[in-house]
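Read from first to last, the chains carry the letters A, B, C and D; within each, the first residue is number 1.
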Amino acid sequence: MIHSHTIRVRYSECDPMGVAHHTAYPVWFEIGRTELLRSAGLEYASLESEGIFLAVVKLDVTYKRPARYDDVLQVETKLIECGRVKIHHQYTLCREDETLSTARTVLACIGRDGRPMEVPAIILQTHSASE
Amino acid sequence: MIHSHTIRVRYSECDPMGVAHHTAYPVWFEIGRTELLRSAGLEYASLESEGIFLAVVKLDVTYKRPARYDDVLQVETKLIECGRVKIHHQYTLCREDETLSTARTVLACIGRDGRPMEVPAIILQTHSASE
Amino acid sequence: MIHSHTIRVRYSECDPMGVAHHTAYPVWFEIGRTELLRSAGLEYASLESEGIFLAVVKLDVTYKRPARYDDVLQVETKLIECGRVKIHHQYTLCREDETLSTARTVLACIGRDGRPMEVPAIILQTHSASE
Amino acid sequence: MIHSHTIRVRYSECDPMGVAHHTAYPVWFEIGRTELLRSAGLEYASLESEGIFLAVVKLDVTYKRPARYDDVLQVETKLIECGRVKIHHQYTLCREDETLSTARTVLACIGRDGRPMEVPAIILQTHSASE
């Protein structure tokens, strides 16, 4: 299960070095996850309205080359593993043929009370169905 | 009712012009409001936990001089008017004697259902008591 | 000279009220200005590389209805006036037929040294040509 | 070389889950690095004005417990290693006795031209002197 989404670097995401601030990248990866989910027929917004929240518990980013203002980038998001309680994704951020960044995240499923819960069937099914 | 709060400009708030992005200022004004409220004995966090939300319905900012990375700034927040349904604040952002920006906001009181509600007694009392 | 651009509300732009934070709106308006300029054949990035910066000196936003996570919105950006030293824009933010926010900005032209400069011919021509 | 800095969670840093968005943490870690440097007698702003930039090339964050709006947190920043071309830091984010997050970053030294450069003597000296 893999999905590619296009984003354009915003002025407000860039810093005095003239490049995208390193905290902009995980925002784009989050968009990548949302769009991967949407491509599989699930909307994260509707999960939340049913009391299912996906919280980032681990984030690892490698920055290879800077993204610049107004660059058009591809965020490639790949589902690596959808376990009983955690979901693993991998990301590649590219500007044409150039890889700017790679990353991994681990998400945990959280209920409305903020406590961990098992990944619900609706997510498991979507994720296995689309592999 | 007036309060002065010190902030330091963050790197992530600055843009390729090397100055604070214009959207950082209303973030600082929001902190100013929170601290004004706190100085009057009220915590905004506890208002929200009671289902009272204050939403910005109007924001006017004048930018006179740029704030730079690592600048230490004073946010002066003044309560102008606390009406039956709306609260008006005025802000001055200074770097020592220099005024960098002035602003005004209007807040509306919103219930948990997202609907407008009258400004509750606890806010009215605090605001009149501290004038 | 008017341009409409579509944006989708990001999760990271939303606050504990479950709606887009009021500082997300001016970010979208900035994107609106950039895309208006692009539609007229000018890239803001190339202006900056020539030492021409457009700084926001005034921002007025009216918030009518909240934008929510994952909403698809139209940012309509209109050039109101391009004077000798300042550029005025007006914005309407819509979700389908519903107007969520209106706004105005005034930009000033700034040189690499941070000093005001006259709006250069390349901007004036583009802006009058496209009216 | 270790430094502890206090931050308060901003409303604009919190998301619809009612907790700080995961991208707020690396912003706080960046502040931690800046304050560690300052405590050693160096200002990052003055490094940049001399053409020395420190770019994040690796970021690893583990999120254990959520930070909430208005929480007062301690960011403990520790210099792990200052090599010839890279600087390693480690972070612990605490709310009183509770550890909310741990993280590591690797920084690379970049010149005004965007190319990697050796960590300059002024940084090396400060960092070894303060160990």
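Following the convention adopted for this analysis, a contact is a pair of C-beta atoms (placed from the backbone, for glycine too) under 8 Å apart; a residue touches a chain by one contact, two chains touch by 3 or more.
Because the structure is predicted, anything quoted here is derived from the model rather than measured.
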item: Chain of greatest Cα-centre distance to chain A; value: B
item: Winner on C-beta contact pairs when A-D is weighed against A-B; value: A-D
item: Centre distance in Å when chain B and chain D are each reduced to the mean of their C-alpha atoms; value: 27
item: Intercentroid distance (Cα basis), chain D paired with chain A, Å; value: 23
item: Inter-centroid spacing, chain B versus chain A (mean Cα positions, whole Å); value: 32
item: Of all residues in chain A, the ones touching two or more other chains; value: 11-12, 16, 23, 27, 48, 69
item: Chain-level touch network, classified as line, ring, star, complete or other; value: complete
item: Interface residues, chain B side, partner chain D - complex; value: 10-12, 27, 30-31, 34, 43-45, 48, 68-70
item: Of all residues in chain C, those that touch chain D in their complex; value: 11-12, 14-16, 18, 21, 23, 69
item: Partner chain B, residues of chain C touching it in the complex; value: 16-17, 22-23, 26-27, 48, 53, 55-64, 66, 110, 114
